[in-house]
Amino acid sequence: MTQHLPVLQVVIPLVLAPLCVLVRHPRAAWALAALGSLCAFGIALDIVSTVLASGPLSYDVGDWAPPWGIEYRIDAVNAWILVIVSLVSTAVVFFARASVEREVEASRVALFYAAYLLCLSGLLGIAATGDVFNVFVFLEISSLSAYALIALGQDRRALAAAFRYLIMGSVGATFIVIGIGLMYATTGTLNMADLADRLPGVWHVRTIKVAYGFLAVGCFLKLALFPLHLWLPNAYTFAPSAVTAFMAATATKVAVYMLLRFFFTIFGAAFSFDVMNLDMVLMPLAVAAIFSMSFVAILQTNVKRLLAYSSVAQIGYMILGISFASVTGLTAAVLHLFNHALMKGALFMALGCVAYRIGSVHIDAMAGLGKRMPATMAAFVVGGLSLVGVPLTVGFVSKWYLILAALERGWWPLAVIVLITSVMALAYVWRVIEAAYFREFPGDRETREAPAALLVPTWALVVLNVYFGIDATRTVGVAERAAEILMGAAP
Amino acid sequence: MNEKRSPDSLQPPEAGRPPAQHGPNSVPPRWSKRILLGFLGLCVAAVVAGFLADIHGEHPWEEVPLFHALYGFLGISGLILVSKALRRLVMRPEDYYDDE
Amino acid sequence: MTSSLPPFLVFFVGALLAAVTRGTVRKVLLVLVPVAGALNVWGVEEGYAWQLEFLGYVLEPVRADRLSLLFGYLFHLAAFIAVVYSLHLKKAENATVQHVAALVYAGSALGAVFAGDFISLFVFWELLAVSSAFLIWSRRGPGSARAGMRYLVVQVVSGVALLAGALMRVHETGTLSFGFVGLDGLSGWLIFLAIGVKAAFPLLHSWLIDAYPEGTPTGTVFLSAFTTKVAVYALARGFPETEILVYAGAAMACFPIFYAVIENDLRRTLAYSMINQIGFMVCGIGVGSALAINGAVAHAFNDVLFKGLLFMSMGAVMHMTGKTKASDLGGLYKTMPFTAVLCMIGAASISAVPLFNGFVSKSMIMSALIDGGYMWIWPVMLFASAGVVEHAGIKIPFFAFFAQDSGIRTREPPRNMLAAMTVAAIACVAIGVRPGLLYGLLPYAVDYHPYDASHVLTQIQLLAFAIGAIVVFQLLKIYPAEIRAVNLDADWFYRRAGARLVRRTGDAVAQAGVALRSAAAGVARPMYEGAFRAHGPHGPLARSWPAGSMVLWVAIMLAAFLLFQFL
Amino acid sequence: MSWAQSAFPWIGHVVANYNYWIVIVLMMTGFYVLISRGNLIKKLVGLNVFQTSVFLMYITMGKITGGTAPILGSHGEPVPGVLYSNPLPHVLILTAIVVGVATTSVGLALAVRIKEAYGTVEEDEINALDAEADS
């Protein structure tokens, strides 16, 4: 049984999804989704401990030996991604029960959970597989279900946002398929490990460079790297609260993982940085993303949109870490994958609580909420502080490593930029805190604290934000291991 | 009462109005005179004591007789005059920053 | 005794308890916290340290030596006085927020002076900023909200600079330990800048005069005690004998006294006076000899007492009358005689009248300047100390309690306020009369005798004739009248020039954006023209922007990426 | 022609690889439609053309001149003298075609919902309506 875990991880949610459609009953569908998430989380924890203890796992789907068959290969990097995705999914699914009942029509709830499970399955699949074409298939599974999930938002603008995301997502995925095809045309293999073996022999071939370009742009699109982020703000803003929390904490992270896998494991760090000068492309874009998107975030009035822009800026930090092309830089990036998932998950869930009670996440509507919904706003404050990078939160740990990486390369202006943009993050988080705590609540409305069903999952993530901010040894350990693997310094 | 600023500060400044003249001192004149006289006595005593005692200066300028007295008087005179001039440069109506 | 708790912990636990208690229980608790803290820190001995590991570095959240212990004792005394002073607060005055913030603030200050490494220092540095901002916001006026925000931004920037400097230092030296830093390299300058902001160096000072007068009457007493003193401590620890500090200190001691003469708001006058006093300390640290450092930290100790006393007396006036402007006040001695006397004790102390505590520490700095060979700085500082008499020694008590009768009739402030002021006044006089009390605590052995005839007499001459000049100017009616006005200071640069610049830049960027977009459209249009001609009069390019522009960006990215590789 | 070939040797290269040129032309056409059309349905058509070019690319990759389907002889061994072509690209692209169909159907479903909600499928009109809602 245990040897099948890598594939069960993906298959369980995939099988449960159609069951959701069949049972139709909202609560039953939710129970299936919760079951799927919990299974995935349990398996991910088991896998990560196995991988850390005894090295990478390999699983041949249908017993077809690689490189002809599809191989699922899990090392510290994707084991970590599996944990992130399934952890967030578990927290969100418990949050979703009450939140979705409020925000989605009853007749569509079962379909919602079906799409949710498909999306989860797709994201886990991208992370687990060791076959590049399989990556594309799972990417499309997760994306198509994500379009549907976003379109379930209450506002009609959710539809337009989902449509635009569909166009962009499909273009991105198609780019990735083109890249994969060109790689296949040159090397005749789709297995990642096999590709990694064969590619150094064909570095000089122009087709490979073009493939690299298509893959790069495709990944940039999916991970919303500035300036290809245009689909993200609306999608996050108008999606149902639970979906926003889930997508913000997982979808872009998995896209970053894809980038890491393609450019480090398959092409290799040497090709990416010495031949393709990837760092020269990533760094300016990352800096531009951090600066301009933080600035845009400061000016937003819809808090969900504010956090969406902040997400684009935070992705900039991860890309910045990658662009350092060093173990420390990658550690920072991989660490921030996890940490950012924790903080954005917590923040968007806190916003979900607000939306549940007052039906709006406009900054003016949140005036005086500090008194009315103290637990919710306290969660938001802690999450916000983590976003800013205050010590004792995970945000600080990420920025610490990012700055260390910058200094290690001697690029101290980048370290300064990280610090300055932290202040910008403080500015946009502050705008919400200011509204919630320093403005008067418009007195005529009856508003109570959000129900425990929403608060418990939210606070679970908030507590993790602090816990891993204080005891960072475990997360840093895994991230360092992953970074070494990616840089080729460890098996 | 302290959560409100004094109501006067919210009114527009009396532009063009001459600065408020200080009226009779609130200390009764008799007392004011005695205080002034006492103070004058202190100054004289300080000067006399300064000549009697053996003042060993640490700074070369302290060789000048009554250096500290002169320096104090001239220093404050200069300070007040310069401050008055400074007012021309930096003084703005009280609501200068109110439109922030 | 190694069983002592970390000093800040007592305050943080106290703050937690204060948040959940009410009424008398909280009052007792509030008084007990500094007392318990003092007993705790009394047991802390030199060399006491608490270390822990974080991200592979050794952190030292508590490290005690003579310098930090002196500030430790001082902050407990200050916290005790300020807490007693604020006991009367009621719910309407945001009592809970103020009390909790004040305890966190005092605890952070203690944490900062006992922090043995830069990360701990940074944590407490930022906590100081955030907790103290609540003491300003608690006044709940629109002015306070904005001033508090400006204050917080400046303080947070200072923290960021500290962290940046510390990180670079870690990279250079491999250690996080906070010891002598010095000005070599960018990291040293960044840390220097961070401390400089908190110490209100010239041109970095405006947050102080902007924010302190906007605090609550009780909050400003706390504010005056901690933030800048933490900075003085950090300078004494990290930058002793750094020559630039001598000149910075001299500038700090001098320029505020001009502003203080013409400032109408008496609490703002005190804020200027605060910069002036810090100038003396900074100057002493810059000289760096044992005598100078002793003088600087002793003066910091005394400044907390007398400046606290003055802020408390002005706070009492504000609490009772709601006014702090010289033009609104006057004649209060009739109804607030005790407050008036206490205020005058504070005024005498800050003016360094012999037998008051300002005298015993300021004269150390003056002597150290001559010993250090700063012959041209000495007269400057002498001028500055004469200037102190003008604004703090005479102006504050005179315009509040005497001068022209404003007609205000009020009562003495609540008993707890009087008690707190009395404690501070007694401390001022006690140290003035028995300087040995303070000298015994100083970081270096003290062999200094302030009370010789020459020191005393020259000081009396200086003070008497300085006051004489004021009297003459008053009698001749050329003394500058108190006018309701705002005096421009360095904060103009960010409140006005900065705001204008941001607005203009914003406009310019927007215009450039429009221009750029139309230029891009101008280039792109001919390319698309043929295809679009058949499709109606609406701007087709604009129509296809949203999803189309996203895809266009993709195309541009791909093209750029490929070009980049093949060029 | 021979003059042209000697002066521009790449012309022959281009002609010989005409299948790839078709892929590129289709791809750019699809891309162009995506960028220039505001009508959501037309955008989906553009997307389809774009994806189709990729299908063609994979298929043309797997084609070998004279190659045939990899069907083994009656005894389960390769038939000597027969040139087999790799079936994998075709299999892969079948998957991609399915994905493409799914994408199109989700896109069309969204277009229907947008038409219901906004009363139009023209993007500029949708934007105008959204801008109205914002203000």
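A, B, C and D are the chain letters, set down in written order, and residue numbers restart from 1 in every chain.
Just so we're on the same page, contacts are C-beta pairs under 8 Å (C-beta built on N, C-alpha and C of every residue); 3 or more make two chains touch, one makes a residue touch a chain.
Here the structure is a predicted model, which means the values were calculated and not measured.
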item: Pair of chains with maximal C-beta contact number; value: B-C
item: Between chain D and chain C, distance of the C-alpha-averaged centres to the nearest whole Å; value: 66
item: Inter-chain centre distance, chain A versus chain C - centres from mean C-alpha coordinates, in Å; value: 42
item: Chain B and chain D: spacing of chain centres that average the CA atoms, whole Å; value: 87
item: CA centroid of chain A to CA centroid of chain D, Å; value: 29
item: Set of chain A residues in contact with two or more other chains; value: 163, 167, 171
item: Sites on chain D at which at least two other chains make contact; value: 34, 43, 123
item: Chain contact graph, described as a line, ring, star, complete graph or other shape; value: other
item: Interchain pairs in contact, sorted by label; value: A-C, A-D, B-C, C-D
item: Chain C partner contacts - residues on chain A that touch it in the complex; value: 163-164, 167-168, 171-172, 175, 206, 209-210, 212-214, 216-217, 220-221, 227-228, 230-231, 276-277, 280-281, 390-392, 397, 400, 403-404, 407-408, 412, 415-416, 419-420, 422-423, 426, 434, 438, 472, 476
item: Contacting residues of chain D [partner chain C, same complex]; value: 31-32, 34-38, 43, 122-124, 127
item: Chain B to chain C touching residues, read off their complex; value: 1-6, 8-9, 13-14, 19-27, 36, 39, 42-43, 46-47, 49-50, 53-62, 66-77, 79-80, 82-84, 86-87, 89-97, 100
item: Chain C to chain A touching residues, read off their complex; value: 54-55, 119, 122-123, 126, 137, 145, 149, 153, 156-157, 160, 163-164, 167-168, 171, 186, 546-547, 549-551, 553-554, 557-558, 561-562, 564-566
item: In the complex with chain B, residue positions of chain C that touch it; value: 92-93, 139-141, 143, 146, 216-217, 257-259, 261-262, 318-319, 322-325, 327-328, 330-331, 333-334, 367, 370, 375, 378-379, 382-383, 386-387, 389-390, 402-405, 453-454, 457-471, 473, 478-489, 495-496, 499
